[in-house]
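Chain naming follows the written order as A, B and C, and within any one chain the residues start at number 1.
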Amino acid sequence: MKFNGRNVFISPTAKLGRNVRIGDNTTIYDYVEIGDNSTICNDVVLGEPLADYYVNPQYRNPPTVIGEGAMIRSHTLIYAGCEIGNNFSTGHRASIREFTHIGHHCMVGTLCDLQGYMRMGNYCRLHSYVHISQTTTLGDFVFIYPFVVMTDDPYPPSDDRAGASIGNYTQVAVHCVILPGVAIGEHCLIGASSVVNRPVPSYSLAVGSPAKVLMDVRDYSARGKRNLYPWMPRFERGMPWAGMGFEDWAAQQIDDSEKMTRNDESTVEHLQSCDPSPRR
Amino acid sequence: MKFNGRNVFISPTAKLGRNVRIGDNTTIYDYVEIGDNSTICNDVVLGEPLADYYVNPQYRNPPTVIGEGAMIRSHTLIYAGCEIGNNFSTGHRASIREFTHIGHHCMVGTLCDLQGYMRMGNYCRLHSYVHISQTTTLGDFVFIYPFVVMTDDPYPPSDDRAGASIGNYTQVAVHCVILPGVAIGEHCLIGASSVVNRPVPSYSLAVGSPAKVLMDVRDYSARGKRNLYPWMPRFERGMPWAGMGFEDWAAQQIDDSEKMTRNDESTVEHLQSCDPSPRR
Amino acid sequence: MKFNGRNVFISPTAKLGRNVRIGDNTTIYDYVEIGDNSTICNDVVLGEPLADYYVNPQYRNPPTVIGEGAMIRSHTLIYAGCEIGNNFSTGHRASIREFTHIGHHCMVGTLCDLQGYMRMGNYCRLHSYVHISQTTTLGDFVFIYPFVVMTDDPYPPSDDRAGASIGNYTQVAVHCVILPGVAIGEHCLIGASSVVNRPVPSYSLAVGSPAKVLMDVRDYSARGKRNLYPWMPRFERGMPWAGMGFEDWAAQQIDDSEKMTRNDESTVEHLQSCDPSPRR
């Protein structure tokens, strides 16, 4: 139903892998590269040109790379200069600005707004309406729920950028605000509607405005259930340990020389090499 | 201005009633049925196929039914499998996922995101940016204001779904979070930015994080006005008692054997028959 | 890349200035006027007809005026009847309803929803996901951050409209709720996630739910920095004092008979002449 070639525009400089489907009304601008077995649904825009395009006749679109097995849902907008790993998926009407680096197996939900110049690891999931400011860093397996905003301006308005960071396996519940430069550790659970204004140690359950650490997340129980966190042993859908269990998978990771790519020093270098004050 | 047939796609299996207008750039997929005297504006997508469509060559779109007198504003996206009553209207860019059941005379506002597998009664109004998770149940005459999120995951991440429920005539003000499984009664008023984490009895004015019952809503006054709630005697626009008053209308309802359809046991059965863990 | 004339519709009654570019898939309805040197990107809708269009065969679109030097980013929707000054820019998917009056040099960010029948001055910036209700008034240099909602209904649901007002140079941080009719003064800073339910005097730093004045904003320091507010001496990007400094610019304004247009009595008259209860 979706792939009739109706009103499709694909730049001759775009490179599509094998078995890539392009939905109706979709536009793919210059120097976009899409991996094999990807589905780009209808009304999508990929490789959106940067602000310089409108004023510079010599403008050349930076390359946009999307890995294999992508599922880009309708009306998604991805700027040029993004690098995105394999098995990426989006909800509808997601917006991803330039120089966003996304690992493998990530999901960016309906109506999310990623402001670019940021990085997330692997297996991250952003639910609907998540707003991520520039210079933010997310680790692996970070899940963020609707209406969360990660800020970057320490004293608005300014041109300083101080994105926050969130460690591996951490969950941020709906309607939270993460203030600029705040570092949240690994395995945390941040409760709904919290305002996080200072660092949160790993394994914390934190909640409130301003957020306070209530307890070690390993001591948390709800509705008579214990051992809810860390959550990996009880949730497998879409995770690399599906079918084998988290413990076995984790043991294998340590043995395996082909470990997943993690955020590293090169992130910092990359961000420093980007124009730190694009249009807002 | 809007109905020039420009770049319109309508599946041959779609059934349009009499006097149905279809705006430019609109797409109507398989097995969509639209009632008489409906207006489908421009850039709308109806009958969006489910995830299975992309992987299953035998995929067949479930039927999508939209009643008479619909006003679907531009850029709205409605998935296949939805059943929607008469006189439905949307704002711009509303998203409604599969197997959403909506009664008569409902409004779903600009940029709302309904996650599907949910049910709302008659005369409900969702203002802009309302996010409703799966297995949520709304009664009749429920009004929800911007940035409210109704959650469904009791200990994220999990595949459990425990949607909240809201009773007839209840109002939920801006920026509220309704936690999973919470039951809010009838005739309540939930104040702005509240986090509702436990049941709220009918006729409550509740506010705060976590929300506490402040008073019986019938005792509430503001700006020197009394008898503000229940609100039905003082608000008639679009309501079935417009021109006759709520009391007379309510008396007529009791007498009338043609009562409005209400949420009933079949809701539960239906939801149990749906796949409870679609993509998120 | 963007300006190929693909699937473009421009009403013959529209008036485009010199050097106006129109992106692919864009629609411009009747009686839209666009100033010189403007860029209208792809998938934009300008001059969206009002509700009366759908029911009145005699309907005539009210004029829509957009000044010189506009940059309207993709998927923006602007209703008929709006008056917008020079050097206006939008993010993606902004929605602006009828009879919105916007001064010069303003920005309306990605996924904002302006409900119309409102007014903002010059050099205002709305970041992503800002929701502004009817009869709201913003002064000059007002910056509003993501997920802020300015409400207008004093006791929902009602047909009364009591928009809030915000004075010149004030900053409203993320996730704030401004309750109906509240007047916030000039040079204020409203902290993240506040609920403002009563007037805030000029030069206040206010925060909380309900918001309380913590201190004079001139006494605020953060991260060892002082003299952060008023912010004008330390932030110049896009401001009229860029390159000359705020003090010199301000002195020049007082001398200059060509002062910027400010909100004045005519605003009130205009709003009174508008239908106060359009569709919501």
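By our rule, contacts are C-beta pairs under 8 Å (C-beta built on N, C-alpha and C of every residue); 3 or more make two chains touch, one makes a residue touch a chain.
Small disclaimer: the values here were computed from a predicted structure and weren't measured.
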| item | value |
| --- | --- |
| Topology of the chain contact graph, where touching chains are joined (line, ring, star, complete, other) | complete |
| Interface composition of copies chain A and chain C: same or different, split at half | different |
| Mean-CA-position distance for chain C and chain A (Å) | 29 |
| Junction residues of chain C, two or more chains touched | 7, 25, 43, 75, 93, 111, 129, 147, 175, 193, 209 |
| Of chain A, residues touching chain B in the complex | 1-2, 4, 6-7, 24-25, 39, 42-43, 71, 74-75, 92-93, 109-111, 125, 127-129, 143, 145-147, 171, 173-175, 192-193, 209, 222-223, 225, 228-229, 231, 234-235, 237 |
| Residue ranges of chain B in contact with chain A within the complex | 7, 9, 11, 25, 27, 29-30, 43, 45, 48-49, 53-54, 61, 75, 77, 93, 95, 111, 113, 115, 129, 131, 147, 149, 151, 154-159, 175, 177, 179, 193, 195, 209, 277, 280 |
